[in-house]
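A, B and C label the chains in the order they appear, each numbered from 1.
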Amino acid sequence: MPLVNISLVKGKPREYVRAIADGVHQALHETFHVPADDLFQIIHQCETEDLRYDANYLGVQRSNDIVLVHIVAGRWRDTETKKALYKRMAELLAEKPGIRAQDVHIILSPNDRDDWSFGNGLASYVKD
Amino acid sequence: MPLVNISLVKGKPREYVRAIADGVHQALHETFHVPADDLFQIIHQCETEDLRYDANYLGVQRSNDIVLVHIVAGRWRDTETKKALYKRMAELLAEKPGIRAQDVHIILSPNDRDDWSFGNGLASYVKD
Amino acid sequence: MPLVNISLVKGKPREYVRAIADGVHQALHETFHVPADDLFQIIHQCETEDLRYDANYLGVQRSNDIVLVHIVAGRWRDTETKKALYKRMAELLAEKPGIRAQDVHIILSPNDRDDWSFGNGLASYVKD
């Protein structure tokens, strides 16, 4: 169910970008109970001047390798589950493609079960 | 009021993309009580590798013609209204430009009446 | 904390686009209590046919200089605070780069304190 928007500065090799996307999905699978085949991602590769960030907000040292992961997902996850997601996603992206944890940013936008149609004109998560 | 983000793989003729956008708006007009002139859409034509989807999640057979329609809209629609939107949007895009219902995906992000300013620095839907 | 998506039609000078982004952030700082260094923006410079809008909805005369500012931000701001944001953002963009108030559109998507990770794998706004 999540709809994932991943934004980063363009210029990275395709395998690097793919590793980010795979790590994001793996973290959702492991911590958010997202099925392995529930994969819907849009990747935005931005010009440098079109992705603006503060390099020091909250004392976190960010670089031009920053990744902004914006996830639309159901609102029923609790705070502990969200914390597990953040921790695991930072770990996985540090492993591959090797992004510093300071550069991994995650923003959740909650919605409800009846807010999703995954094809066939149906509300996929509503039981009739 | 809706803010509509439509994402698809680039390479389609302009008329094809326009027909998608028109069909999305028509479905909102018919089922979501969106005025005909309440049209605000951003179309994202992505590289193939930047729009990732599972081709079989929930048993729905998806193709590279997949369209992801992400709609920010007021939270006051009920489940029946949302189901009508999904059904009608799939029907209209099947008619024109001829997209299989399996490839039409719709995600709603709810917000409130005071979350919209349609110009002039005003909260457009708040009664003073 | 806000995640800001700014969409406009491409073709403007870099300084013009930068002035929009700066004005958007300044308005958030002045009215929404966003720290000066809490800056995270993605700018989408669209083809003309990929940013669709009605030129007269609600009687507001829009032009191809339209700017759509979509802000993901915490849900705890009240209506008066939101109205102040809309007013101030329109004022600032009118000053620089000189955008008509009719062309400034702002959409808020609310979320919660535990929906944000600004690096290091932590829920940045959750107190342990």
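Basically, contacts are C-beta pairs under 8 Å (C-beta built on N, C-alpha and C of every residue); 3 or more make two chains touch, one makes a residue touch a chain.
The structure displayed is predicted, hence computed values, not measured ones.
Because subunit A and subunit C share one sequence, their contact can be compared position by position; here under half of the interface residue numbers appear on both sides.
Matching CA atoms, the turn from subunit A to subunit B amounts to 120°, rounded to the nearest 5. Centroid to centroid, with C-alpha atoms defining each point, subunit A and subunit C lie 21 Å apart. Annotation for subunit C: residues touching 2 or more other chains are 44, 109.
Note for the complex: subunit C touches subunit B at residues 7, 44, 46, 49-54, 56-58, 60, 62, 68, 70, 79, 82-83, 86-91, 101-110. Partner subunit C is touched in their complex by these residues of subunit B: 3, 14, 17-18, 21, 35, 37-45, 72, 109, 111-112, 114-124, 126.
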